[in-house]
Structures are given as C-alpha cells and as structure tokens.
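To keep things simple, chains are lettered A, B, C and D as they appear, and every chain counts its residues starting from 1.
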Amino acid sequence: MTTFNSKKVAIVGASGYSGEELVRLLLSHPHAELTAVTSRQYAGQSVAQVFSKFANHPRAKEVRFSEPKAELLAKQAQTVFLALPHGVAAEYAVPLLQFGCQVIDLSADFRLKSTAVYKEFYAHDHPAPELLAQAVYGLPEIHRAEIKKTTLIASPGCYPTSVLLPTIPLLKTGLVKPTGIIADSLSGVSGAGRKVEQEFLFVECNESVRPYGVPKHRHLSEIEQELSLAAGTEVTIQFTPHLIPINRGILTTLYLAPAEHFSDSARMNAFGEKLSACYQQAYCNEPFIRLLEGKALPDTKNVAGTNVIEIAWRLDPRTGRLIVISAEDNLLKGASGQAVQCMNIMCGFPETAGLV
Amino acid sequence: MTTFNSKKVAIVGASGYSGEELVRLLLSHPHAELTAVTSRQYAGQSVAQVFSKFANHPRAKEVRFSEPKAELLAKQAQTVFLALPHGVAAEYAVPLLQFGCQVIDLSADFRLKSTAVYKEFYAHDHPAPELLAQAVYGLPEIHRAEIKKTTLIASPGCYPTSVLLPTIPLLKTGLVKPTGIIADSLSGVSGAGRKVEQEFLFVECNESVRPYGVPKHRHLSEIEQELSLAAGTEVTIQFTPHLIPINRGILTTLYLAPAEHFSDSARMNAFGEKLSACYQQAYCNEPFIRLLEGKALPDTKNVAGTNVIEIAWRLDPRTGRLIVISAEDNLLKGASGQAVQCMNIMCGFPETAGLV
Amino acid sequence: MTTFNSKKVAIVGASGYSGEELVRLLLSHPHAELTAVTSRQYAGQSVAQVFSKFANHPRAKEVRFSEPKAELLAKQAQTVFLALPHGVAAEYAVPLLQFGCQVIDLSADFRLKSTAVYKEFYAHDHPAPELLAQAVYGLPEIHRAEIKKTTLIASPGCYPTSVLLPTIPLLKTGLVKPTGIIADSLSGVSGAGRKVEQEFLFVECNESVRPYGVPKHRHLSEIEQELSLAAGTEVTIQFTPHLIPINRGILTTLYLAPAEHFSDSARMNAFGEKLSACYQQAYCNEPFIRLLEGKALPDTKNVAGTNVIEIAWRLDPRTGRLIVISAEDNLLKGASGQAVQCMNIMCGFPETAGLV
Amino acid sequence: MTTFNSKKVAIVGASGYSGEELVRLLLSHPHAELTAVTSRQYAGQSVAQVFSKFANHPRAKEVRFSEPKAELLAKQAQTVFLALPHGVAAEYAVPLLQFGCQVIDLSADFRLKSTAVYKEFYAHDHPAPELLAQAVYGLPEIHRAEIKKTTLIASPGCYPTSVLLPTIPLLKTGLVKPTGIIADSLSGVSGAGRKVEQEFLFVECNESVRPYGVPKHRHLSEIEQELSLAAGTEVTIQFTPHLIPINRGILTTLYLAPAEHFSDSARMNAFGEKLSACYQQAYCNEPFIRLLEGKALPDTKNVAGTNVIEIAWRLDPRTGRLIVISAEDNLLKGASGQAVQCMNIMCGFPETAGLV
C-alpha cells in the first residue's frame, strides 16, 4: 500500500454552494487536512455552526472560519482553493503564489488566455495578467499533464465542463466540423450560487423553466477558447442556458455537424463506429466519464452527488446531424469535485481520492 | 349584449390529464353544456366522485361517466371532444360525424394529411383515411378560416403548438430559411399523460432532467407538415424533447437561420425591426399570443393555467442566428384549451369564451 | 337576471403574492372595476409590465401602479383592499374609512379584539385601537351577518383559516373539548410572501421540510381568540407550522378530544354520525367548503387555485381521539380569495362572484 | 491500524429504493465484499446495467443479479440483507440462518415480538414464529449490545426510527408521560418504495401534500412495542403520516406531556436542563445522532444522503407541552444505512465504516 503525505489545504470564500461542497469533500479527503476556511460573514464560527449538516464530522467543530488573509493562509496551508467572485480571486492568488502555495481558483479569473476577451466578457481589466501564462485550465481529461506541473489551476465553469468534455474529442479527431455548433443547456438553481435575489426564490423557480443570458453568456468565452484549441481553428458557438427547478445538475444537448455525409445506413453505421471509437479512445480509462451505450440517455439524477459526467450520442439520418448529450452535477464535476480532482493530480494523490 | 345558443358537448375518454382539463373548462364554459363524459374505468361514477377537486361545481354531481357509445353520444351532444389514444379516436370520429356531430379530436389521428407519414410515425395503417380531406389542423391562429367551416378538428400536439406558432410567420414571410431548423423542447411531466409507468414516478422525475425520443419523436410528422405548408417547400427539422420536473408547461428554444446576413449592427437592427413587424402583423390581435418585448423572456410559470403562449426572440450578432423561445401550458394551449378555442370558433362563440 | 352596480375597487400594496392574486381576481371580477393599484416599488408601471402573466388581460395595460395616497384612493375607489405589513395597514385604514371607503385589510392589524394581545404578539402598540370595535373578522362561514354590515374587514390569516373552519363547529356544538387542541400545519413557500431572504431560496426549500416558529407563532393569537369565542371559554392551543416545498397550499392536521368516550364501536359510530351531522349542518350549503366523505382525505393539489377548503375527519378507536384534516390554497381561501368573498358579501354581490 | 477481515455480503431483492441504497453502500464499504445481488426482474444483468449511476464503480460490471436461492446465497455470502416484502422475507431468513448466515432483514417480518400483533397489522399469520425469540430490533442506539450477539436483525421501519430515537430516552428516564403521545410525520415519496401506482406519479405528488393511513398505519405496531419496552408500561400513540413532494427524508413532530408541570419560568428552565442532560447522556457519543442546540431546528435537507438523525426539542410554557422534532433520510437512517450500521456492529467493524 502506497502512503501519501497529507497536504494542508485551505478554502477562501467558503460560504457559497461551491465552497460548501469543497468543505464537505476536503473534510473527508484521505490525504488532505483542512486547516483553514475563510468567510467575512462567518468569521469566528466553526464549520459545525455554519453548516450544521457537517456538524457530526469529527473536525467540524475544530475548524473555524476566519477573515481571509493571504499571509496567514500561506502559513496554514500548502494548497489553497479560491471560491470567490471573479476579480476578487486574483487578489488572493497573487500573494498566495508568491508565498509558495498551490492555488486552485474556482472563479473565472485565470481561465482565459486573452486579457482582451476577459475584459469583453467580465467588463473590467484583468487583475493579474502576469499570471495567465502559468495558469492551467483545470479540465483533467484534457490538460492532465499540464495540471501536474503547475501551481495555478483555473478550475472550469460548470457549463463549459458540460460542453467541452463531449465536444473536444470530436473536434480533435476532426469527426465534426468546427462550425455551427449549438449547445443548449439546462441548469439546476444552485448554479446561480447562494444569491439572495427575487428570481431565485423557491416560488419563482418552482413550476418554472426559463432561458436567460441569451445570446451572450459569460461562459462562452472559455468554451470557445478551449474548443478553438482543440479544433486548431477559431470556433464560435451558440449557447443557451436555461434555469430548471432542480437543485443540482446540468444537462447539455449539443447539435453538431458530422464531417461526413451519410446518405445510407451503411455509411451512417460506419460513422457511428468511428464516433464510438473516438470516445472510447479518449475516455475509456477516465474514472469520471461514463459513456452511455445502448438505449440509455443522460439523466442528471444519475450523476447528482458524484464527480461523474455522463455522455451519450445519436446520429440523425433525417437531418445528418450528430446530437450529443451530457449530464453532470454542476457543483461537483462542474465545480468543486473537479477542483479536488485537480488537487489530486497536482499533489500526486490517486486521482479519485476523496471523490468516490 | 349578443346572446348565444348553448351547445351540448360531450367528452370521450375523460380520465387522463387532457380529459380532466376539458371537463374543467367545459363545466364552466358560458355557452356549452357538458352533457356526457365517458370512461370505461369510471363508468357509473359522477364527475364529482372521479375528480374530487371539481366536486363543488354545481353540475359535477349530475354529470356521470358512461361507457363510450357513439350512437348515444350523438343524441346527447352536438359537439364531441375525443381525448383518446391514436388509432382509437378514429373509431369514434367516423360514426359521430355520420350522426351529424362536430368532432374535436385531441389525438394524432387526423393531424396528418398523408397516410404514409401516419404509418411511418404511428406504425399502423390509418384507421379512416376517407376523413383526412375534411379534417382541419386546429391551430386557430393559422387555420381560423378553415376551422370555422369544418366539422372535424384535429387538435394539435403540445410540442407542435410550441414550435409552429413562433416559426410559421417567419417562414411565410421568408425571414428565415426553411433549412437547418432546430427545436429544443422541455416539457412538464403531465405531457406524458396519466401513464402509470416507473419512469414517471415522482422519485424518478424529481431532481432529474433527461432527453427522450432522440432523434425521431412522433410529433415531428405534424410539425414538418405544417412548416412545409408555411414555407412552400419541404421542411425537415431537428427536434429534441426533454422531460423536466414541473407539472405543466413546455418551453421550446428554436434555432433559426435568418434569410439575411447582418454583418454590422445597423443591418442587424434593421432585420430586428422586420422580425418585430412580422410578429406584430401576424399576432398583434391574437388574444392568446403574448409577444414579449424588452428584456423579458418566456417562462412557463407565466402561462401555466392559461391558454396563452409567450414568444420572444433574439438575434445573435456573433453567430448570425435567430433564437426564438416560446412557453405554453401543455395541457391548455398545447391541448384542451386550444381544443375549446377551436370549438368557440366552430360554434360562433367569442373565441375567448370559457378561456379567461 | 339580477344586475348589480359595479363597485370601483383599489389595492394598496399589490407587489406581494397576495396582492398579485387580488389583482388577478379583481381584473376578472364581474362586478368590480379595478381602478387603482399601489406599490412604491412599481409606481408608474402598468399591471401588464409588472405582472407579465396578466399582460393579455384587456385592462392590464390601462391600470397603472401609483404611490399609495389615501385621499386619492378614496376618490378612485369605493372598496379598498390593503395588502400591507401589519402596523402599516392601519395607517391607510384610518383615513380611508373617514373618507367613506369600505376597507378589507389582509394584514393582522384588525384581527384581534385585544390591544394587549396585539402588543404581545406583534411587539408594538396597536396603531388604531379606536377601530377595533367596528372591525369584523372576515371568515364568512362564521361571521357572515356581521360582514354584511361592517365597513372594515380584518381578513383572516392563512393558517387560522385552516384551523378555524374545521374546529369552530365542533366547539360550538360541544362535540370536542376546548382543551388540549393541537394543530400541525404544513405550508407552501408562498406563505412567506415574496421575501427575498436566504431561507426562501429555491435550493434552501427544495428537498427540504422543516418546522419554524415553534412554539409561539403569531397566528396563535387570532386562532385562540376565535376558538375561545366559539367555545365560550378561553382556549389555548398547540400550533406547529412547517415549511414544505410546494408553491401553494396549507394542510392542517388537528388532534382533538371528543367530548364523549367511545368504548365500543356502536358508540363510536353514533358519535361519528353526530360529527357528520354537525359538519353538514354547519357547512352543507357553503359554496367554498368541501366535506370529504368515504375514503378521500384532503390534498392541497385539489384546492390549489381555488377558494375551496377541504375538510375530512377520522375517529381513532385506539386512542379515543378525533383527527380532522383541512386543505386550502393559502393565497386564496387563506388570503385573497377569502377577502374577495368578503367583498362580495359586503357589496351584496353573489358570494361566489369572481371566485369560480 | 487495526485490520478487519472482510465479510462477503449479499442482498436479496435489490431492485427497490432500499435495495439500491444497500448496493451503493456495500459496493463502497471498506470491510464488505458484495458477492451477490438478487432480483427476479433483473436476473442476468450486471449492477452496472441495472443501476447505470453505479456503472463507474469498478465492481459494478462484475456483480450480476441472480435469481434468489437461499442455498446458493449461503455459499456466496456470510451476511445477507433481505430487502423483500413482509411475508416473503421470512421464507429466505429461515434457510439462510440454518446455513449459518447472518441475516439483516429490512422487512417487518421480525420486528414484532407478538405474532398476534403481527397478524393484526399485517393480516396474515406470522411465517416463522420460531425465529422471533432470537431476532433483535436493529436500532443500534437502543439495542447495541443485543445486536452484537445475534445472527438475525429486524431492521426498523423508517417512521419508527424517527419516532423512537427521540422518544425512548425521555420515557426511560420518566421525563415524559407514556400517555397521550402524538407523532405527526412527513415523508418523502421514496418511502412508498418503487411502487408503480397512479398515486405516486410525479404529477400526483408534486405540488401536493396529503395524509394517508389515518388513523392506523402498520408502523404503529413496532413503535408501540418499543415505546412500551422503554416505558415499562403499555404505550398507545397517535401517529399520522403525510406524503410530501421530496425524494428523501422524514420529519417527525412529536407532542409529549412532560412528567412535571412548570408553572413558572424557573421551573421550566430547570426541566429544560433535565431534558438536555437526558439527551446528552443518551446520545452524546452516538456518531449518527445530532442533537441540535441553539435556534436550529431539524431540516431533512441537512440529513439527506447521510445516516444521521437530527433531534431538537422545545418546551411550550403556554401549553405545558414538550415538542420534539426529528429529521432523517428515510432510506438511510430509516432503512439501509441503519442496516449497514447493524452489520458493522454484528461483524465487529467500526460502527461508522462505509457510512461517512
């Protein structure tokens, strides 16, 4: 049995849903010791007091929320998760990296390579452009090798994860065209964070479904960056998010144009086999990707509470299109679970540690 | 004040959700007298006993469920609604029309002009092809004039209504291309009817969202028939239905290709004005269509319990696409409400009678 | 056909859920003309703009929200509904009554006869004690005669309605003891109003059920006042409200001590018949009370969207207790529907006008 | 580090919700090896095929469903969980015990000491009365010592667990009277099992809350047996279950009569301290009981997905009553989690193994 040195870890901004999930995952992680959590709102209280649902965990009474101070955090932890709004995250990342910490940032601050695109989508100058070169987009199935070597992870957005993992292998192998891609996404309400706004009240969301952010949602920027990288050409996509009355989960339906026409069923079947082979080759050993075969289609209830993303695909002989569907838990594979997966890779722990 | 002769009306197959909604609407309709409801399962019981929620209605104790018999129904009612499975509906429509009744069929039996398409999508020969010529597709905003003159209405499906009303004016005016249309739809669970199957249990639907019927759902047949009619050319579309955990409501997001390119914002604005004008001209006097302006986007909770469909649209300068979104109550504008709207037209009642 | 003079009506504070329901009911009321609605937040906007779901109503574009000013309101309307917080409502009631308006107040300000009890439960001095003598508790099935004669209605709370209607006939006839009464209530989230607080966010309410206000909820004060009146002796009850993840509806389970012991089934059946007779006599002609017989038990889904309260009861031979269960829509029979019912009575309209 | 011998375990009847939870828990249990699962319906399929959500677990493809045969099971496993209907469970328990297996039965078959009470509540003769003497009611916090020594566990019902754990310490210490106890319970829909019946369809449960089984639910029998044992006198209680639209969770509100009157606040506070001391003494070291202090009240969302039961209590000076509230996950602490907790005790594993 290999043994691992435990790492001391901290969470900055642990009062939202992603932060809460990080607390849960790290409290029970076999190789991480949660030494600090910060929140201006909850400073002074223990984890057990703030999140009563964790109160039975042996360490929940010991770990107390504190004010976020980079210098102190650097003494308390080797790896620091930032669950802060964009713009604010960079303020902590800069000193923490200087003090020698590994930083895993769940905000958008280090996801984009281009400061111009950042400004276009986030409406302010990039707060720390000097760090962009070293930041790695934390999608392990795509960037595992770079994740191993970096000290700054930009953990992907929830929607981007649901779009990128099903699409990248198809673009890399050229099985689908890089043009005309449509992603239609449905998200549970926790995706909005713990924002206390009228539109997220129970009565406003229950028995309701509605689109929002049409046609230019912020997540487009990182989706298009990563798809362009995979395709080797600039990719512009259509993306429509919708809010549905579930707590957790994103289901994304992708409409893609196959690179080949299939005028008869023999050609369609042949193309279908190429698709299967492509996905199998890309993901058959991935512990958190479930390729659905047979008649099964993705369902958020099958991934809620797990770090797994489900992927299925169908060719439509009537339209010649390829439809790919993915389902994930927006707070786990779409946020905190993936961030812990990145930590495992960075720290040399088994990739599934604390996630199954 | 104009007065109207009341019509005696009957419902065949009133045990499902659509039938129940018909009972509710017709019990309170100012110009209709509900004289008969049938259901094998409930024969002998009163409406008050079967649907306890209607028990306080003065007539709910008088009207009793009976076995469905066409000859008897023809004596009891001048207008008969059929809320039966496809294939079965035609068996009643044939004799009822012969006995001189007006028939409003909520099944798929008379929606398609082509018996070949019927067989392709419903997997059996058409049960009464001789009636297809006289059947009118009961979408009042599109076929009002023909509805007035016929005695056989094929009431549209719930998904088709949500796709057709937003799309037909655009195709008729040539503002969008008839190719490459994608309709991504989200339906509440009542859309599946009162089917007692495991996949529709509360625990299987709650906290779940999933696609189904990918890529060839039956409703494609009537959608494509009506779109082709509007476009004047054969239209093939991509349609993906999803099941979401709400009781009532369909939200459809349509991806359309504008007939014009808009390389600059002036052209885009000009095209946007054409779109507004198109919708205004088509629907500004329609009592059950709500064109959303400003920032509002459709939301099923704003139409649940009403016969209204909400429609909004957005041009995307990044992709050159038009996105149109609609929301309706699948049991009302998508089924029973629209059927009553057709009755009102057929019978010369005010079109909104019993629906507001 | 009797014709009625229409009354001009206004709503003060129409931005919450009860206010919105009043808008809906009064826009469609056959004998009321909604001439004014007020809301500081929405002043200047039309009803159609604020509540897009009513935008298709012919008058929704004409009626505009204004700042609440009593003098102006008194010129615009003969009957004014107050959907305001307690304490604030009285500020409008005083001048409106002086100007000769009928006032129907949905707050708690005029529900209690005792200013001391008011202060105990609402933590401030009563703002208009001089009006208490003329205020009538607006429970039509109990106080119909007084409602007819007054100009100031204190419309009951949602929980009190669900407790009082099932219990008062039993206390009046002495069939149950006035001691040891327990009311265990479950309320949908709209009962909290449109309060933008973290605890009412979708994610905090969905997949959650929790008690609150244990053991001394404000509604106890009016419940005990009215029960004491019915019993002719002071009644103290146990009341536990719970929040459940539905939009609308209150289900109350009452535990009562029969005045008689039933040591054998003959006596129990005899007592059961007295109970039935008691309820029948009290409510058999009430249009909004549904006494369930046979095996049926109340279910909020059968009353949601209606002004009906369902009541059922069971004797337990094992414990000698009587269990009575009621279900209502908290926004209708528990608030705005009942308020309109009172208006109908005050104005001499048919009691069910605008409510079915 | 202590090491444990793994046990081979099997599940008979693994197609329902409790069975599915057992599969999940046992696949990941550090000291159990799941060697067999049975289901007539799924025989021949792998766990990965039947429960696609577990498909990523390394062993989910290896373990296949088989027909349930006691002799074979006894060769495959040392400990067998029975997730079968009452009446059927005993048929397997008898031979499995003879073959030397440990049996943990989740049905009601071995919960009652009295065959007469069994027949009264389950309407058939007890199928294996000879085993009742050795069966232990599997509530670890109450019967831990006996659980250690037996080979036949009768795992408690979901409602009984939610009533017994909060009440037993109070009865044992005599702090509350054994008379007049009322338990008002709210259960998520998974409590009904995976029964494909109309009343459990999504549309019938969503936006609905309703009581059922009033006034004599089967679970009364085991509740009263265990309360009587704790009180040392025969206890009869009032119990009303309600169905609410959540997947998982039971919230129970208990109304109890303190053994002391508290006419002033000093006495009430003194009694309150006795209550706290009682609960602390009974449960302060229990890993799965969370005694809530301060203002917090139980909430099913804080226990869903865990084996924890939350308990809080309030004294009401107005009525002299004690109100105790509990929340648990009906499938975990109310069923499969508790069953695994019993296995851990029986097998000498750490009691929390596989449950945190």
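Note that in this section a residue touches a chain if its C-beta (ideal position, glycine included) is under 8 Å from a C-beta of that chain, and two chains touch if they have at least 3 such contacts.
Quick caveat: nothing in here was measured; it's all calculated off a predicted structure.
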Cα superposition of chain A on its sequence copy chain C - rotation in ° rounded to nearest 5: 180
Chain pair with the higher count of C-beta pairs in contact (A-B, B-C): A-B
Centroid-based (C-alpha) most distant chain relative to chain D: B
Whole-Å separation of chain centres (CA-atom averages), chain A against chain C: 47
Chain A and chain B, separation of their C-alpha mean positions in angstrom: 39
Rounded Å distance, chain B centre to chain C centre (Cα mean): 37
Multi-chain contact residues (two or more partners), chain D: 204, 206-207, 245-247, 301
Chain B residues touching chain A - in the complex, by the definition given at the top: 182, 184, 186, 204, 206-212, 214-216, 236-238, 240, 242, 244-249, 251, 253, 255, 297-301, 304, 314-316, 318-319, 321, 323, 325, 327
List of chain A residues in touch with chain D within their complex: 28, 52-53, 55-57, 207, 287-288, 290, 292, 296, 301-303, 305-306, 308, 310, 356
Residue ranges of chain A in contact with chain C within the complex: 17, 188-190, 194-198, 200-207, 245-247
